[in-house]
Amino acid sequence: MSKGKQRQQWDNIFQFLGIGCVVFGLLILAVLVIDVCMDGLGRISRDFFFNYPSRKPEQAGILSAWVGTLWIMVTTGLIAVPLGIASGIYLEEYARKNRLSNFIEINIANLAGVPSVIYGILGLGLFVRAMHLDRSVLAGALTLALLILPVIILTTREALKAVPFSIREAAFALGATKWQTVSQQVLPAAFGNILTGIILAMSRAVGETAPLIMIGALTYIPFLPQSPVSVSADFPFVHFSIAGLFDYFTVLPIQIFNWVSRPQHGFAFAAAAGIVVLLAITLLMNSLAIYLRHKNQKRW
Amino acid sequence: MSDKNICVLEIRDVSSFYGPKQILKNIALDVHGKSVTSLMGPSGCGKSTLIRCINRMNDLVPNFRLEGRISYNGEDLYSRSVDVTELRRDIGMVFQKPNPFPKSIFENIAYGLKVQGSPVSRGDLESAVEDSLRKSALWDEVKDRLHESALSLSGGQQQRLCIARALAVKPRVILFDEPCSALDPIATARIEELIVQLKEKYTILIVTHNMQQAARVSDMTAFLMLGDLIEYGRTSDIFTKPQKKITEEYITGRFG
Amino acid sequence: MKRHFDDDLTRFNTSLLEMAAMTEQVIFRSTEALKNRDAGLAREVISSDEAIDDMEIAIDEQAIDLLALYQPMAIDLRFITTGMHINADLERIADLAVNISNRVVDLADQPHLKPLVDIPKLSDVARTMVKKSIDAFVNRNEDLAKEVILSDEKSDLLRNAIVKELIYDYMVKDGTTAPRAVSLLLIARDLERICDHAVSIAQDVIYMIRAVVVKHHPENLDNPEA
């Protein structure tokens, strides 16, 4: 075989191998999804979404789990997103590039890779015990916020870095101050990428189980945290309250974990159904992120 | 408004440094009002650095240091009492690669007015935008699509948009840093004609690595090399009877 | 697209036209001075030459500046180089008119040798040829330029006739007429040289219009391909 043909052969072999790997990965995913759907889809019903967990597997539902997930997500988001974006802006646009800022940058990257269990232990010691928050929504949200904060900071910085310096130059040359430039030109231009990063970070937080278990949320929760908005007959008719933040809670992954560890056979199906719901949420959020990233393919 | 004969910018003994490295060496130059002055020279001669000293864009570069004095209408540009943002409104800049904001055409031009501090009414904004676009010979091409993205324009149009954007804040001096490098010959010719028209009202400095452009467009030409100002004089004199041999060698292409 | 280069080209053109007008004037006045034996007018012509010389230098500088500053191509380049040639030709024509005026000063205090018929005719021919060649330049009119080139023969014939008459009818018959006859002869020669310069201008104009060289190559005059 001539040299040229030999090289062509290797080309083909690698192509084949590559396709093989992709197919293999997709196949595994397909097998998992199909398997869990087969077990779980049957169990999904209106009752499933609106029942509390119960000792009887047929009656078990995910109401407290998905409401808890919602509470945790919103609270985590409200804490982590502003903090993360603001930190990212400061570190990327304002901080002087010296050894200290390099040190901080390296450490934030490291923190993004720390196992989530460790954040759980931190949360237990700091929020649950030292700040006496017990195993409340607030404690869980703070713990998860710490978890996703480094990721949000990193993606914010990357998004800001992706905005070419020429945009900033143009704004400065027109007499804009640094804050005007950042808030009116750079941030809007980076917003799409920042949003994508936030959604991905949140979608990760949705599935985090270990830190919440560490702070003690692995319990039987047949109730909901107190609603933040309530309507009553007397003035001013609508009341706002943050008392719910201090209530106990559970989230979807924990509920699933709970059911999986029960011996009764019926709970396996309930768990499968819960997994299907969790998968659907994760898939939805990731798809949203990809769609937004695609829409924001900016030309400079 | 500065008169043709008044010296608008006085550059005296200016040396600039990035850290320990010296870029400009004792530059002395007078720029007169309502004329086009070009800075030309081989790559690395410091012409871009010099022009960026004038609107203090070099302040954005860490480790930048300036010695000497640049006076604008008699006032030292680097004195503590100077408000840099005000300065940059009076001395505008157009960059080498067109850099419109990723917003609409209208928003691009309105931005300079919005950052000025005092609020501007919608009507004033609209007339200012039209005025600037007319001045930069772009109005007819974009008047029906002011709210489309600026990035949908061609390279030459984008650069004229950037010029309109700079004009909107009513500067008295406009600095052009190799404005045609990224453009094709026809777009280049249009911008050169625009610059010649603009000099009736504005004082213009243009950095160019294309000496034929300097010959076509400017009234005065400064030739720099390796941070030194070699020669400065009327463009027609520089290109027909330069005084220094190096200048002649550069112009005739004997080195470059 | 409007070019600011065009403004400078127009200025150059205007200067050339001024130069041409001054030159035509000077041809006319030198002949009038001869006809009327007006030494005063002749001296005026001689002193006006300085202005024409200054104009030639100024136009040359304009041309150099245009070449250096604008790197002109094609028609613009040919226009400027043709303008430079025409500039030189016009200045030489003016010099010839000065020569004529110098002789007029010599002749002025003596009566005419003979009634002047052909010399004024030759002068008219010269003036017309100069005017036509400049018109051809301004209007880029190739046919007009051709006419000028073809009328050169006429001026040659006219000069030859004048010379023949002065030599055989006057100098040979009566030697004392020689000084005046020779002056008139030289005037005729200078007038014919003016015609030659007009032809040179016309040939340059054809080069400018068509980029065809007809100088020293009369066969190219009618050949559109050359």
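The letters A, B and C name the chains in turn, as written, and every chain counts its residues from 1.
Throughout what follows, a residue touches a chain if its C-beta (ideal position, glycine included) is under 8 Å from a C-beta of that chain, and two chains touch if they have at least 3 such contacts.
On a predicted model such as this, the values are computed, not experimentally measured, just so you know.
Distances from each chain's CA mean to the overall CA mean are smallest for chain B. Among the chain pairings, A-B comes first (most C-beta pairs in contact). Rounded to whole angstrom units, the spacing between the C-alpha centres of subunit A and subunit B is 48.
The distance from the centre of subunit A to the centre of subunit C, with each centre set as the mean of the Cα atoms, comes to 93 Å.
Residue numbers of subunit A whose C-beta contacts span two or more other chains: none are found.
The touching residues of subunit B, counted against subunit C in their complex, run 189-190, 193, 196, 212, 215-216, 235-236, 239-240.
Residues of subunit C touching subunit B in their complex: 1-5, 64-65, 68-71. Contacts from subunit B toward subunit A in the complex involve residues 55, 57, 60, 62, 85-89, 92-93, 95, 97, 99-103, 111-112, 114-116, 151, 162, 165-166, 169. Remark: subunit A residues 96-97, 164, 166-167, 169-177, 180, 184-185, 188-189, 298-300 touch subunit B in the complex.
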